[in-house]
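Listed after this line are the structures, all set down as structure tokens.
The following pair of complexes shares a single chain, chain A, combined with chain B in the former and chain C in the latter.
Let's look at the complex of A and B:
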């Protein structure tokens, strides 16, 4: 026993004692079982209180008519019934999230794939392109949103300048359509917000794809060249399979985020005009802080988490089916 | 066309990439140049470079934007959050990598699940819990939230750095009579500081830019961090572009300088899981 160096240093047990004393056992238990958890306990406690406790409470409150203050009365599944069958605002917000999902599963992915593919063979200045295209991702949403609010202004923005140029230089009002208030029209508000969010996001995706592409063996490209593949063939048959794990994982994350979006919507339109850009996040916010429907808002939050869970489930299923993602 | 496949020309690549850079950076150039225009010039020339550059917007934006207060708030939030985050997740990561806590897989699984729970799931009860505890409208209340939100990412990243260190190094220190604390401070920390730096940068950047949580958990303008304050500022002075642009410039300049100086570390850290939509 004395040969065990851990024991020797753990407790002042005199060597050559062949009976394990109670004190030594306790010291050993403390050292091997308790101390490691003392290191973990503080962050676990903070995370548990901030994330897990209210997550569990959320299930309870979603079944009540709680206003945020005072007592909550149990109403069973009434909130969910109302949400699914009677609340057209909820439905149209959800529909906007689905539109958002479709846009974000296509536009940024297409842009990022093309740019990464173009950047992969570049040596000179590659670092600069990577850094510059990444910049909007590190800037605060409030600033990105305000830059584009100005650029989309019907009075002084980019479109307004185009319209003015058409009128003054070309003598046509055909271009006047560009001078529209993109964020102030029900037809264009949601897509304009998506445009701004994507402007800030796609470069991040591009860098992830670029990193994944650099992990593909050059031999595969050489082999494709020998087989007479052009750039497009290479892209489809070598690049895409090579980055598939990254591609699929990011599609899953982007799909999840599409149900949780809030920042850019709230900053640019607060869901307006006439709720045309309302998403579940902004709808939930209004339910809590404008209408004091904390119970109902909990139910909405639960439904949003469920959508995110469904996305994770779909990907887990595809994986089990043998998709290499 | 004439056997050009032998060495594909990169000219089209450069052309398209440059167009994408213009699309990405152009709006930022407009922002910076607007910060140097007088309000009169801005109306005549809203998108071009400043013809008669002025610095007058900056002190004005500093004053009306109450930057003296809000930058102080944000610096406090960033420093507190990063410090507490590094200490608490550093301890946890050290335990996971070295001390072999019983049931550590359970804890890792817990953190993995915790990192996927969306804020909307727990936001409502959390808000009322925080206000009952008197933690809404306090900076440290906000910092605790940021520490918790970033905990899974920070724990996993630091653990990954720590498991890479050969155990011989620590054993040598132990043989020399070092206790666990000095093993940590004398051996582990000097070898894993890049991990701590990465976590610090990612978490610090996130806190500096953060909007949603601050919007929900603070209503007292004296406690607004810069991002939230800028949002309120633009809704009040939205029409005064030279003023809002100057404010934006002051807010992003430190971030941009830090990013350009350490872009490899930022990009690596952000792509390792400091990922948020």
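Let's look at the complex of A and C:
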């Protein structure tokens, strides 16, 4: 709409209104553009110091022969070359991470889904069940690991007592398998650690799934019932699609975490026996602190980041292709 | 709106400023008031044991009371060694730098993070204080950077009561040891109370003892000085004999148990007579009576003999538990040197042995220093000193091997025990790594053979 020039000249903008408007604009600018940055500035600064700078440094050191102390000498891609072509211990550790990934993408998810489905309709004492199953997750890993180290002790552990009871009371050695030193055998060490880690972790998944399930409309279940669905059908055709975004997101996180695993391995076996439970995290630690190969360890660390990046990329790609995750 | 904005900004500022405010008054403040030079000392907080606390009450507290000019600020620092090396890299860290051994000193000295000690050796009289070969262990390229803090060796502890009951004699040769181990195992008793579950580098105790007592210290010296490779047949024999003991299940009753039982478990077995022997370091001697050979465990007695050797001659492998140095960036290096002189004095070292069970530094202990010490423990250090003078000493891996070779020794030996690789392949790998470090000049000083 065009303004009448006469009207425009007859009604000049009062100076007072102009001043208020400029102040308001400045205040709005401050409020919208400056203040938010002031609030996040401290965390951005911390993030820059503890994440960005070390990441760039790590990238640089991966191209050097740095011992972790003193000056570093540039070696180009030598560390990566050694890691990929010459280092069988690295490949063995990576393979263990892949095994870990497969276990953690199946076992805890299956357990958590089943438990959440069973607990979802429970009303009386629901909070007790949830708390009970969640407790291992809030215990520090060193406590969890030591509890299980004692439980799995081949002399004093639970299994050892069962084996002894079988032998002394029942007169059979059929239960002797329970007395196995699971953490001391190359065939069972890695899976035993995975068992302990899973024991602490699956309750967390269960609570997440339970929360996601509570967001599913009851109407969908009612409709399914009318269509003649049993509980299994409901689970497959209503529950799973209803929690799919949560499920997929947790799968992505668990996949990333599987390449970063360290604490339980280190506490329980330090990668042994005979490197059978070595994972990239423990292998990296040894390179830095036992062998003074910080440059090489940086290269290993970068490879771990790369695997995480690949996983994120796969999920992003699936999302772009229309998957509801 | 403006008021809210101002309040928000002020709140934010106050949060940031409060984060920058000093914490509670520190020891620095207390010492500064008294105009003392404050020097810092980092230690691992005790985890059940009382090592660091005992060191503080036995050495640091009396020194602080005695000195009018120096205050030692003892700071509990979890993972003290890793914290120290990180801080040193940033030009910070404690004034007194403690490392786990000479090979670590090499790296720090190369990086220029330690102060040369040669001037203090003369001014503080450390050349008279330490035994002849000890100061050379702190050398890097001809300059002294560290003082050996704890002299260690490994011996064969045995359950004396059990031996007497069974009529067994402590062995002096490897052949006798293996004969006896077979007899013990046949009697359903575990020959050796060994484990690595809590400390995987415990593997190297055994590899090192077999190198020194089967191949012999002369061979080890030749290999450490680059005269012969680690693939020498004597080393192959050493590793094969060690593997034989493992395959026979002599260590704790089998590999699975060796990898899973705790130190408390296996030492308890020794104390109760369920195991007969244990080749371990002097660090455990002080705990044997108080924790394992107790009345509750049957009131048995222990004793020791030198680790049996191929020839039967007693050989004591020399090990350094820790070293002490001065931070290059210390503001009070003279004060640190003065404290180190006090800490390494025969009186302090004897008090540490008596009160804390800590093995003494390789200093010249006075005749009465061992008074009040368990005679069996005193005998170990007296015999070790005599062996040092007569050449009857060998070399522990964590003291005399460079870091990568050292780590290889205890990590990869498990692959021999699991059958993944042979003794020859294991030693081939060790030799390749060692020659690489040897060429780089990363070998700690090796005391010459007498």
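The rule is short, and it goes like this: the second predicted complex is superposed on the first by the 285 of 325 C-alpha atoms of A that agree within 3 Å, B and C clash if a C-alpha of one lies under 4 Å from a C-alpha of the other, contacts with A are read in each partner's own complex, and residues count from 1 in each chain.
As a working rule, a contact is a pair of C-beta atoms (placed from the backbone, for glycine too) under 8 Å apart; a residue touches a chain by one contact, two chains touch by 3 or more.
These figures come from a predicted structure and were not determined experimentally.
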Clash or fit (per the criteria above) of chain B with chain C on chain A: clash
Which partner reaches more residues of chain A (counting touched residues only), chain B or chain C: B
Partner chain(s) touched by A:29 [first = chain B, second = chain C, both, neither]: neither
Which of chain B and chain C A:77 touches, first, second, both or neither: neither
Which of chain B and chain C A:47 touches, first, second, both or neither: first
Touching partner for A:39 - first (chain B), second (chain C), both, neither: both
Partner chain(s) touched by A:180 [first = chain B, second = chain C, both, neither]: second
First (chain B), second (chain C), both or neither touched by A:95: neither
Which superposed partner A:68 touches (first chain B, second chain C, both, neither): both
Of the stretches 1-9, 235-243, 289-297 or 361-369 belonging to chain C, the one that collides with chain B: 1-9
Residues of chain A that lie at the interface with chain B and also at the interface with chain C: 35, 39, 42, 68, 156, 289
List of chain B residues in touch with chain A within their complex: 5, 8, 10, 12-14, 16-17, 20-21, 23-25, 27-28, 30-31, 34, 42-43, 46-47, 88-89, 91-92, 94-96, 99-102, 104, 107, 110-111, 114, 116-129, 144-145, 147-149, 151-152, 155, 174, 180, 205, 208-209, 211-212, 215-216, 226-228, 230-231, 234, 238, 241, 244, 248, 251-252, 255-256, 259-260, 263, 266-267, 270-271, 275-277
Residue ranges of chain A touching chain C (in the complex, touch as defined): 27, 30-31, 35, 38-39, 42, 67-71, 152-156, 180-181, 183-186, 269-276, 286, 289-293
Chain A residues within the chain B interface of the complex: 9, 32-33, 35-37, 39-40, 42-44, 46-47, 49-55, 57-58, 61, 68, 111, 114-115, 118-119, 121-122, 129-143, 146-151, 156-158, 161, 199, 201, 203-204, 207-208, 211, 225, 230-231, 253-254, 256-257, 259-263, 266-267, 280-281, 284-285, 288-289, 294, 297-298, 300-302, 304-305, 308, 312
Contacting residues of chain C [partner chain A, same complex]: 1-2, 5, 8-9, 12, 15-16, 82, 85, 88-89, 107-108, 110-113, 196-197, 200, 255-261, 265, 403-404, 406-407, 411, 414-415, 417-418, 420
